[in-house]
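Common to both upcoming complexes is chain A, partnered first by chain B, then by chain C.
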Partner chain A sequence: MRRSLAIVAVAALALSACTTTTGGTAGSGSTEVVVAGTYPIDSIDPHGPQGGGTGPQMAEQAIFSRLLRVKPDGTLEGDLATAWKSDPTASEWTFTLRQGVKFSDGKPVTAKDIVDSFKRFIDLKGTNSANFPGYTLASTSDTEVVLKAPKPDAAIPRKLAVFFVLPSGVTANDTAFFERPVGSGPFRLERFSPNEIVFVPNEHHYGGAPKVSKVTVRKMPELAARLTALRTGEVDIAWGIPDDQLPAVQGESSLTVQTVQSSAVFTMWFNSSIPALKEAAVRRALWQAIDFQTIIKQLYPQTGTPSEGVVSANTLGFVKQEPVRHDPAAAKAALTAAGFDFNQKLRLQFANAEFRPFNQAVVSELQKIGVQVDLLEKEQAVFTKDLLALNWDINFQQLSNPTLDAANTIGRLYPCAAKRNGYCNPQLDQLLAQAGASADEKERVRLYGEAARIIWQDAVGMFPMAVKHAYAWNKRLSGFTPDPNGLPSFAGLQVGS
Partner chain B sequence: MFRVIVKRLLTGVLVMWGAASLIFLIVRVAPGDPVTILLGTDASAEQIAELTASLGLDRPLLSQYLTYLTDVARLDFGRSYLLGQPAMPEVLERVPATAELMLTSTAIAVVVGLALGLLAGSRPGSIVDRIVSACTIALQSFPTFWVGIMLILAFALAFRMLPSAGAGTPAHLVLPSVTLALPFTAIVARLTRTSVAETMGEPYIQTARSKGLTERQVLAGHALRNSLIPVVTVVGLHMGGLMGGAVIVENVFAWPGLGSLIVDAVSNRDYAVVQAATFLIAGIVMLFNLVTDLVYSQLDPRIRLDGAV
Partner chain C sequence: MRRIPYVVLAIYALVGGLGPLFIDYNPVRASLEDRLRGPGSQVSTGIAWLGTDGLGRDVLAQVVYGARTSVVIGLATVVVSCVIGVAIGTVAGYFRGWLDTVLARGIDILLAFPAILLTIVIAGAFERSVLVVVTALSATAWISFARVTRGIALSTRERAWVQAARVLGVPRISILVRHILPFTAGPVVALATLEFALVVLAEAGLSFLGIGLPNSAVSWGQTIANGKQYLATAWWISALPGIALSLLIVNIGILGDQLTARYGQRGRRS
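So, the complex of A and B:
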């Protein structure tokens, strides 16, 4: 007995002694920055099957360069390319390459590296390569590469924001390379473990080496742990902070908190292929029956605003639409006039428990006018399979658009051939084809605006909320810019002013 | 003894075959498939067909199963679809972290549970006994993830004593291992309490007392050894349950072990990793059961592994 108690006492003492190592702020007094990783980073191969995930992309943009990238304000900027132009048909794009760029091992980045990387990107068939079916990239000189598309594609520059350049010769499943990857991004990889990924400045970066000595992205899937670590100073930067936690974080004097307009829009498609939802009048009436303004105010007071369009306001191609006025009496009358069967149960599917309250509120609103809805919360893998099979009546998704170009959402999801929501409109198809082929940006915005008006008025779906991302970072940091896609760059970070 | 161990190991091969077959079937019967996850929602029918074929998922289930069994016999579980690496090394890489967590938790549970059980069992019906019993019922009732979050809020946020999550220092181990240990501590404490209370009424304990031994000597020298028998059994058999708890705890505390890998693999339908991890866990649990039986037979000479009592 005495021995047991002695063991417990010794263990307790030993454990309490351990607390001195991590009890204080993780990065205070140093130029190291610790980031609470919101998404899993299981791979840093930008061309592999996981390469297109949000977590991997955040790591990839630290280590590797791209031809072009999208800035937080939604505009494009050159990375390895300094200029780009298309032929009049928007099917052949020429990129002038930045000179003097070096990989982290000191070797120069060449046109061949870019061409070989594109080939690897296409050959490995990662998720992002699906945006480039039949596309080819070739070098015309040491300073120029040309991308050819099988049909006109004005969105190519923004699509290329997910194409990362590796040195020539990296093979598929090249474990040795990705243990010590060589890239031309602002950082080098120091360590990659299941728990964290550590970057150090790339001294050869063309824009100059970052000012911080180290950036550690620590995997922290649990929100309570993430926010506690932020508040205690164990981590310096976190984002994806939900509304119910924001006041506590905003109350911390050591933190800067900012919400930024993201590219995401809550999108609730109707399955237009089923008889009950075939008529636009029915779909519009259902939209009209829901008091989205109140739901948003209650559930997302700081990170949600009523959406004014099919895509977010910071997306190229956004055009403001006429708000749908909440009027349950008019909605019920319209449904009755359209012969809507109130005995039929509609299936509303969504994935991710985070969206449960929102969808529950929607169901409740529809019940008020006698529309019955079965709420189906599905695991992501099941949700995706059912989504593609149109095995749903109403589908909820938070649709993000990393390229901040309407081509990636309106142009991709709403043509008849996409078969994503059972809606098919030849007039819309024509507009989308014209928008996709036009190299004139103003014309593209106009055409996507026209297309969005049809989608909105025909209530292909409901577009209730534009999403903001809430970021918080330690005040000891400067140079941090929140990103609308949850992919912030750490290249400009400094400790102190 | 040697013959018994060999016999048990041979039976274990059958158990492992059963476990491997069951998990093969379960992951394939579960809705959702890796191809959709890997290609995303924009893949063409041709791309889907091509990837399905390259992963061998277009073949008849029986053919997939036979190939799988042949590979398993060579301990080759194939490549992880998502990580692009052979599955078993990825799984094995995570084992030390989970082992560290489980062993620490077991040590805490055994030491604290035994101490509390002895304390309560030696004075049945006393105020100490009632307090220990109430606490152990409470500890068993709280959901693990909730306890984890409460401990984070108390010891990381309010008292700023310990890190909230992660790994790397002994301090990082405290909260996850305590969280994982708490329900197990309650089980050990309750079992020890009952066992000690029963033992204290045995005639040989009366004899020991009549010989003039102090209560402490009676407890330590006579009651404890006999009370340990059911505790050892429970500790050994509870390893599977502890592994299940580790899955939750590792996610709450961002502990880089097997649990978080399995959660990611299951949600992404990464068959190779799920199969490799499950096979390994089944093997570990089977070995623990064998070791438990061996220890049990050493603690109680009346028990013989060949079945003779």
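So, the complex of A and C:
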């Protein structure tokens, strides 16, 4: 009896062991994750002309490492660097490098690779290299690199989140390299075609190889296609879901839906260089005339909140400003008092159809007090060209800031020399110069806050809404963190609980 | 049965012509509290019989004002392209020689180019306005008129009465106007109805793509495009103007066929 019991026990043990093994194999076979790509990925050369776009950056951060990166919560995290510090003037920054980091081909990442990459980054003049005019990077030892800026720049660590490290020796148009790129990021590129990009884990990654067996980013620019694929399980992760479609996605039991506060703020500049909008009183009155509260409540019930400042609340340099109260009667009176010409038509320009309803609602609000606005929806390229040429009266933009530092928005866009919105105020220039030069974070927040108060009160633009991004992903995934800039990392993903 | 297209078109003309007098509509004014209400809902301005769109604007009013826009743009384009096409076609066909060679080859070149592509290029290159849309659509629509009338002019110029007129010393312009042009009328009218349908469709297409009429104008194409993302939840925004558009096109097509059968024989052969 005892013997037979033992046999049964052994058999049960063997059986259970067996099931675990089989289960394990089946599981690892299906640990592929499919992501619906919102933006096109035309290039994976992080230093090239297209490398700075949102789509390419998402791919680049999977394949390559950076010195530092910004975590979804807005704090800085060392990637290739483990520590960083500046000299007292904030114009010279020293980075201590992580030891034992290897590229996906097994070769070690050296200080020379980093220095050469920075040189390539500056030489190729991609959009992001404009953040580093005249900066130089040099290695002082095998474990340390030093970045020198021509003038004090406290925002350097955050700005470096857009600088990716390649092995040294990659030339400008090295197509052979980018067909089989070698990087030190969590993934290795397996296949890259215009419609699909496939990553597999990088076994040599310093943080350990990702647990999923494959990540496929499939290009799906059409919203309806993305949502259908999400519902049927064809894709596991999608984002950029508009409010009108959110309830349907939230009703799906197989999906987790989460909105995350982004760095983006709806920014509607007035062209202060045209006679009609020269007076701050006129610009303030126009802002006051629009019932943004209702527009946001109706059009963006879940992903929009009234903005409380020039930059988003999670950006360094955010200081809360006094809300602008909707009062059309006062607005009309102020416009009349300022001698505003109601027969003139203002040109409001924007790009991307997703913002059409919002802008149409704004035009409707302004019409209620007799201000005529021509709504001009432009192609992205035309929009950008006209934006820089100041060929508009009111400009709508969803302004994001992946560095999460006000230097990149307030500091870059509002000085007189920037010539981005026709506004020029020497007092503001001085504040911005001080803020840019200060190494003390608290002092910078204070200075940017003061600058933002001038921008807000002089109504250089309207800052109606802070944007949340809506993410949805399949419940079979764990370890996914929505990213405020639409640049989620896939390194921590796991399939099954 | 043969009357049906006439009746339907009369209704469209009536609605397009008189409807705006009875229904007040401001395309710029949004009423966000009333957005995405179904047909027959009570909204702040009364009852929305065909529902409201994503900005709370009445769909019925958009269908009615859209009918007017479509008819006006269709007529304007057909008249412009008809005048240009008939003038070029008769001149080429009657005078022949080098003038005909140049014009006919020019027409061939334009025909080789996809019409809708050329229209999109022209419409996309300029700021959106009614004039640009009419110009862009006329730029390709005149070609068929020119081809048909050239064929008729080519055969008519050899007829006895034309030769008699020439012998009598009638000025060439008079021969063209009095002895050739009248014979193009039948086929041209038949062709004009078919072209009208194509133009209405093309205008809706351009507006759908966002390169047609400005936002301050009402066009079926725009309304259909606005409803695209609500197809699953608010079908009425796209479906109802779409039905209005297809009914119009189908009826013009039937009418065009009837007219072609009656007048267009010669036109068809060329």
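Simple rule for what comes next: the second predicted complex is superposed on the first by the 468 of 497 C-alpha atoms of A that agree within 3 Å, B and C clash if a C-alpha of one lies under 4 Å from a C-alpha of the other, contacts with A are read in each partner's own complex, and residues count from 1 in each chain.
Heads up, the rule we're going with is that a contact is a pair of C-beta atoms (placed from the backbone, for glycine too) under 8 Å apart; a residue touches a chain by one contact, two chains touch by 3 or more.
None of these values were measured; they are calculated from a predicted model.
Considering only the touch criterion stated at the top, classify A:A229 as touching first (chain B), second (chain C), both, or neither.
first
Answer with first, second, both or neither: which of chain B and chain C does A:A138 touch in the superposed model?
neither
Return first, second, both or neither, reflecting whether A:A353 touches chain B, chain C, both chains, or no partner chain.
The second partner, chain C, only.
Go through the superposed model and pick first if A:A329 touches only chain B, second if only chain C, both, or neither.
neither
Determine, under the contact definition given at the top, whether A:Q50 touches first (chain B), second (chain C), both, or neither.
It touches chain B, and chain C stays clear.
Is the number of chain A residues in contact higher for chain B or for chain C?
More residues of chain A are touched by B.
By the touch definition at the top of the document, which applies to A:A83: first (chain B), second (chain C), both, or neither?
In the superposed model, A:A83 contacts neither chain B nor chain C.
So, A:K125: does it touch chain B (first), chain C (second), both, or neither?
In the superposition, A:K125 touches chain B alone.
Could you look at A:Q245 and tell me whether it touches chain B, chain C, both or neither (first, second, both, neither)?
In the superposition, A:Q245 contacts chain C only.
Taking the contacts chain A makes with chain B in one complex and with chain C in the other, which residues are shared?
Touching chain B in the first complex and chain C in the second, residues 224 of chain A appear in both lists.
For chain C, which residues are in contact with chain A within the complex?
It is residues 26, 28-30, 32-33, 35-36, 54-55, 127, 210, 214-216, 229-233 of chain C that touch chain A.
Okay, in this complex, where on chain A does chain C touch?
Touch list, chain A to chain C: 223-224, 242, 244-245, 248, 294-295, 298-299, 353, 357, 360-361, 363-364, 367-368, 374-377.
Sort out for me which residues of chain A touch chain B in the complex.
1-2, 4-5, 7-8, 11, 14-16, 18-19, 21-23, 40, 42-43, 45, 48-50, 52, 125, 127, 130-131, 133, 172-173, 175, 193-196, 218-222, 224-226, 228-229, 231-232, 234, 379-382, 384-385, 387-388, 412, 420
Which stretch or stretches of chain B touch chain A in the complex?
The contact residues of chain B facing chain A are 31-33, 36-44, 47, 50-51, 79, 81-85, 93-94, 97, 107-108, 111-112, 114-115, 118, 148-149, 152-153, 156-157, 160-174, 216, 219-220, 251-256, 260-261, 264, 267-269.
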